[in-house]
Every structure is written in C-alpha cells, then in structure tokens.
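Down below is the structure, laid out as structure tokens.
Think of it as A, B and C in the order they're written, each chain with its own count starting at 1.
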Amino acid sequence: MKRSSLLVLAVVVILFAISWILKANQLSATEENYILEAFLITFAAFLTLSVLSFLYKDNPFYKFAEHLFVGVSAAFWMCLGFWSTLVKNLIPRLSEGLSEFFNEPYMPGDYNFFFWIPVILGILLLMRLSKEHGWIARWPLAFIVGTTAGLNFVRYLRSDFIEQISATFVPLLIEWQGVGHFFSNFNLAIDGQFVMMLSNWVIFVGVMCGLIYFFFSKEHTGVFGTASRVGIWILMITFGASFGYTVMGRISLLVGRLTFLFKDWLGLIS
Amino acid sequence: MRRQVPLFITFFVGTLLIVSVFIPPMENLGEDFTLFFDIIAVFAFFLGGGNLLRVHLTKLYRKSPDWGFSVVTVVGFFLMLAAGLFKIGNPGDISASVTAEGSMFQTMFNNVVLPLQSTMYALLAFFIASASYRAFRAKNREATILLVAAFIILLGRTPFGMMLTAWIPDSWSVLQVPNLAIWIMNSPNLAGQRAILIGIGLGVVSMSLRIILGIERTYLGDDR
Amino acid sequence: MIPFEPIRLFAFGGFNVPIVISLLIIGGGMLWLLIRSLKAKEVDRRIVFVFIFAAVSAPLLFEITFDETATPIVKGVFEKIENMPERSRIVIAFDFDPAMAPEVQPMANAVIRHALAKNHRLIFISLWATGQALMDKTISEIIPAEFPQKQDGIDYVSLGYKAGNEGVLNVIVSNVKKMFPTDVNGVPLTDIAIFNGVRSMKDVDMVMAVGGGKPGPKEWVLFVGDAPGGPPVAVGVAAVVAPQMYPYYPKQVLGILGGIKGAAEYESELLHNYPRFAEQDTPGLRMMGPQTLAHVVIMAFIIFGNLAFFIGGRHKEKRL
C-alpha cells in the first residue's frame, strides 16, 4: 500500500473515531445504547460519504461500499424470500412437523401434494450453477417465462390497449353552443372551454399521430409523413416532461441523503 | 428433453393462466400455478446469492486483482444471511417479522443497505446536472421542443414558476407556468405516453403469444 | 387557475446573513460559469457537482420552505380518503426501496396519517423485500407515537412481503388468504378482525399503491384495479415514472401523487385540513426549498450550455 493511501486511511479512521465519540456524547442523554447507536449512525454516514466520494474519482472507499452493498443486498432478498414465501406459503402446505418448528399454522385442509412441483423446479433452477447439468434449469425458466406471458397477456390487452383506445375517444366539442358563443366567450383560462377542447384535440390527434410514428410498415411520406412528424413533436414534449420529472426525482434523492447527513449525523438542522 | 419439455411447460402454464381468467371454475388452478411461480421466484433469489458467492469465492481463490473487496462482499453476505436466517436479536419468537425493529437484520438494513442504496441513486442528481450542462443542446427543432417542455415542467413544478408569471390575468391562466406544466402533463404528455403505452402493450401481448406458442425461443439459449 | 399563496416564502424572516451569503456565492459562481461558457472554455464536471451540492445544501441548512396547494390530480386522492365512510379498508402498498424512499415515503406517511385520523382501517402489503423493512420502520415510527389508541389487527395490519411480483397480485385479487395465510407476525388471517368479510382485494374499499418500479403502482392498476369488480386504485409514484401513469388518469386511477411535489401537495392539504399534524415532520414540504433552487441551477446550466454551444459556433460544426 502506498504511503499516501495509508495516510488517507489513517485520517478516515481518526475522523470516524472522533465522530463516534462526539455522537455518543450527544446521544448519551436520550439513548440507552448510545455507544452502539452512535457507531451505527457514524457507520451509515461513512458509507454515505464513501459512495459520494465517487464524484471525485473511483477509489477504494467507494469500492468497499459497492462490494458491501452487493453482498448484503443479495442476502437481504434471500432472507425475506425464505421467511415470507417459503416458510409461510410452502411449508404449511407440505409438512406438519416443519410448520410446528416454524410456529406457522399448519393447514391440513390445504395440504397439497402438487406443491412439491415448485420445490422440484426450484431445485432444478439451482442446477444453473452447475456447468454440466445447467441445461435442466431451462425447465423452471420455462415455467417462469410461461407464467409471466400468461399473466401479462390478458392484463396488458385489457389495461394498456383496450382501455387506452377507449379513453382516447374523447368529445372534441365541449359545451358547444355555436361559433358566435364560442368566440364571444373566448379565453385562455385553464378550465375554460377553449383550453378543455384543445386538450381533447391534442389527446386524440396526439395519440393517433404518435401511433402513426411507431408504424414502420408504411413509408412516412405525404399525409402519413406529416402525421408522423406531428407524432414526433408530441413524443418530444413527452420526453421533455419526463426529463423534467427525472431531474425532480434525482434531486429529491440527493436531498434525502443530505438530510440524513445534516440532521441525523451532524445535527445541524432540527 | 432440452427443448421440447420447456416448450411444453411454457405452453401449458401460459395457456392455463389465460384460460383461468375467463373460466371461473379454473380460477383456483390459476391461483395454484401462480403460487408455484412465487415459490420458484424465491429459488431465483437463492440462485442469485449462489452465483454471487461463486464469482467472489473464485476471485478469492485465484487471488484476482482487488480480491480484498471480494472478502467484503462475502463477509457482508454471510453476516446479513446469518442475521436474517437466525433472526438474531429479534424481539419476537420464530414467527415474528424478520424485519422487526430492534433485530440485527433490521438494524443492518437501516444502517447499511439503506444508506448505501439511497446514496448510489443520489449520485444521479450530480450526473443529470452535468449532463444538462454538457449535452442538452437545442440542436434542431425536435431537440428544442424537448428542451422547452422540460423547462416549463422544471419551472412549473416549483413555486418559482408562479412567482414569475403571477401577473398573467386569470382569463389567460393557462399561460401561467404552473398551469402550463399541468396542461402539458395532462394533454401532450398524456397523448405521447398513451401512444407509447399502446405500442408497448401490443408488443407485450404479441410477445406473450409468441412465447406461449413456442415461436419465440430465445429465452432457452443455445444448445451448446 | 390554481390558487397559490406563498405563506412562508422565506422562513428565516427578514435579513439573514448566511442565506444571503450562500445565495451570493451560488449566484457569483453561476456568473463565473456563464463567463467561462461564453469563452467556450471547458468546465470540470466536479465544479458542476459543487454547484448542485451547494444549491441543495443551502436551502436545507437554512430551512427555506414554501407552501403548496394541491392540484386536482392530488386532491382526488385526498378527497377520496376524506369522504369514504369511517372504518373503510385501505390497502397501502409499499413497493419501493431506499433508493426511492426520499420521494415516496413522505406520501405513504401522509396517507397513513390521514387515513388513521379519519378512522379508516389500513392493510399494509409489499411486493418488494425492501418494502417490508421500510414498512415495519414506518409503522413503528408513526402509529405508537401519534395514534397510540390504534391496535394491530383491528385498526391496521401488516401482511409483509411476498415474492413473485405480479404473481402475488394475481392471487390476492381473487383470494387473499391463499397468498397470505398469516400476517407478517404469524397471526392467521382468520383471527384478524380487519379481514372479516374480506375474501379478495375486491372487498377492500381502496388501494393506495406507493412505489415507482416494477412491480409497483402500474401492476396494481393492471392486476387489481382493472380486474372486474376491482377496488379504486390511487397511486403515489416516484417522479421518474409519474409521467407514465398519466394515461391511466382519471379512468383507471383516482389520482396521482407524482414525486416530491405530489407528496408536498398532499402534506399541505393535510395540514390545512388537520391542524393536529402541524407539529409533525413534513419532508415533502421541507424538500421543496432545495428542490426549487436546484431546478433553477439546472435550468441555468442548460442555458449556459446552449449559450456556449451557439456563441462558441459549435452548432455550425458539421455533424456526422
């Protein structure tokens, strides 16, 4: 290890210790396990700063945080899957003894021999780790793919196709009482007649033109080309809106982390 | 065995789940098969964990560059696994929630997983700002439309937008930036998103059919 | 138009040296960046990072807050919860992880407070493993402290997490007990009062799906809300996916709380209607200060970048 690296490590260790001591001192009045609590908050702050250090450049602290994250996350999902689904949904349907061991209510009426099927398929899935017998993992994979296809087929057809088409057929004239009335009461209020009608026109024409843009079986020329062009503009507005919202979202995440640092760790804000 | 059995499984399960939606007496069977799917999903988590261990233990065994960080992954993995599987420090009995407050598992979640994952995503705030400065150019008409829409949304979603355009009279209120932002979201954005949604919806439906009928086989990989 | 009254534009009240100094530093820095951009000189990305850090930190440290007024799309959710008869059953889905939590956790908190104040019954559920951990954290932080009279199993229940994504929804839409034989603490569903008369998700009065990934609010709409006889679904989503939920409004979803702005609007509506929550933390409203300044800085970046692009003559370069 280089001398400069050792120096940085030493500084980090000292700062960590100082933070731990100061935090413990601060928490001693309110917390029972203040030494442990102080360590945990300091450690969380250390991990936060380690990840943020990537902004300067890739470094061992970031790599440490990244590798730790991968390990704990994988174990986290495994534990939750085990306790929530295997213990609660599988065991009470297969074994009275195991149900008693895990203190889960055994359901004699629900005993189902067929629940060995997912156990066998699950074990076959783990065979993916073997180089020689990995091919057999295709069976459970086929089950997963088939289920997803079966589940999605009807729902997407209903919610994302039929319902969407139906919702696009909106009235293009709202509260229409003649041309004279329309022009004499013309305004640009957000809840006014013109803006409401404009919205419905934009929705109807926009969806149609957007779909035309996605239709690649016919060359985009003439009227079809013009509609496709309008479709692009509508999609550009959509992407612009998405960009604006994405910025908003990302900033919120940063505010969340800085709030932790300033509030929970440093105690700078109330 | 290698191709025909998976194709049959996909066809059988896919068809059964579609049919069970339309024939109420088959609803129970559809639920059972979905439960099988949920249970297999847990084995997929185990597969993920097993694969992670395999990769990092191989790195350790071969003393690959940066093998020290693999130690961090493996130790973190086993610590979290032990805390969760043995419910260490859990205030309740064995059937209590694994994430009960006070347990070692939940403490590790709150102080390791939570700061790490949220900060990883918080980094994106910096990168999106940098991208805005370096890459977001009004190069042509389409890019300009995108940029203007983004601007209106960015401004309209903050109180600043209202401050700037509060002078616009009510009869022209759609031009006030927050209202314009709402209008963009409710009309052109809705239209564009709906066109995309319909396109994706049709894609999902046709892909599902192709998978169930065995026309789409790429998920099986090759035979080597 | 949208009524808008900034009641606490600058919470520090009057002249405040740290705020003015920090704003001057940010403003001065932006000016320097502008001049540099006009000269077409490259700026290190780390300098851009510093600006964002400062723009977010200053309002956070000096607690600059704004008031918000709920837009109709948020108000729809609030009014549904407000006008449902007491003891209605509301499912709150925690389909998110810590990465999304700063945006969507405030929504979940506000809806929980509102529903419990209206004496509704809550059923917590999660399709994300991380959601269960955040759910347990939320329940233990809010309910005992703010609603000590509310009892587990009678006024609220946590079903926890189940693996299987939309597969879970496909079962509970017709049979909850089959998927969740017990609650998260191992109590059989048959012994939990909230579930008397509830066979499936069609028997609950409303679903509030909070999330932003897959599976998440979209799956709740597709598999539960749109199922024949399905309950009304409202969604609270991370900003990144909020625009994608608009095609479902108002036919398939009651309302959309989009990003931190949606959370802030809901919190504001709650505060205006329930003064008892005035002392509670309102992270959505608190975050709108840093949010505003950061948006302004990012807009300035876009303008400067484009100025440099056009004035520097790079727009004339032949593109491949």
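Heads up, the rule we're going with is that a residue touches a chain if its C-beta (ideal position, glycine included) is under 8 Å from a C-beta of that chain, and two chains touch if they have at least 3 such contacts.
Because the structure is a prediction, the values reported are computed rather than measured.
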Co-neighbours of subunit C and subunit B - touch as defined:
A
What chain sits nearest the middle when you go by CA atom centres?
A
Counting only C-beta pairs in contact, which chains form the busiest pair?
A-B
Can you tell me which chain lies farthest from subunit A, using the average of the Cα atoms as each chain's centre?
C
The distance between the C-alpha centres of subunit B and subunit C, rounded to whole Å, is 16
Could you please state the distance in Å, as a whole number, between where the Cα atoms of subunit A are centred and where those of subunit C are centred?
13
Subunit A-subunit B separation of Cα centroids, rounded to whole Å
4
Where subunit C touches two or more other chains at once, by residue number
1-2, 49, 52, 56, 99-102, 130, 132-133, 160, 162-164, 167, 170, 179, 182, 184, 186, 243-244, 247, 259, 261, 291, 294-295, 298
Give me the residue numbers in subunit B that touch at least two other chains, ranges are fine.
17, 34-35, 37-39, 41-42, 45, 95, 99, 109-110, 113-115, 117-118, 120-121, 125-126, 128, 132, 147, 150-151, 154, 157, 170, 173, 179, 182, 185-186, 189-190, 193-194, 196-197
Where does subunit A touch two or more other chains at once, residue-wise?
55, 76-77, 80-81, 84-85, 89, 103-104, 147-148, 151-152, 156, 159-160, 164, 167, 189-190, 238, 241-242, 245-248, 251, 253-254, 256-257
Of all residues in subunit A, those that touch subunit C in their complex
55-56, 76-77, 80-81, 84-85, 88-89, 92, 103-105, 107, 110, 147-148, 151-152, 155-156, 158-160, 163-164, 167, 189-191, 238, 241-242, 245-249, 251-259, 262, 268-269
Residue numbers on subunit C that touch subunit A, as the complex places them:
1-2, 46, 49, 52, 56-57, 60-61, 63, 99-103, 129-130, 132-133, 160-164, 166-167, 170, 179-182, 184, 186, 188, 221-223, 226, 238-240, 242-244, 247-248, 251-252, 258-261, 283, 286-287, 290-291, 294-295, 298
Per the contact definition, I'd like the list of subunit B residues that touch subunit C in the complex.
17, 27, 30-31, 34-35, 37-39, 41-42, 45, 92, 95-97, 99-101, 106, 109-110, 113-115, 117-118, 120-121, 125-126, 128-130, 132-139, 147, 150-151, 154-155, 157-160, 162-163, 166, 170, 173, 176, 178-179, 182, 185-186, 189-190, 193-194, 196-197
Within their complex, subunit C touches subunit B through residues 1-2, 4, 6, 9, 43, 45, 48-49, 51-53, 56, 66-68, 71, 73, 97-102, 130, 132-133, 135-137, 140, 158, 160, 162-165, 167-168, 170-171, 174-175, 178-179, 182, 184-186, 243-244, 246-247, 249, 259, 261, 288, 291-292, 294-299, 301-302, 304-306, 309, 315, 319
Which part of subunit A faces subunit B closely enough to touch in the complex?
40-41, 43-45, 47-48, 51-52, 54-55, 63-86, 89-90, 101-104, 112, 114-115, 117-119, 121-123, 125-126, 128-129, 135, 138-154, 156-157, 159-161, 164-165, 167-168, 187-190, 192, 195, 198-199, 202-207, 209-211, 213-214, 231-248, 250-251, 253-254, 256-257, 260
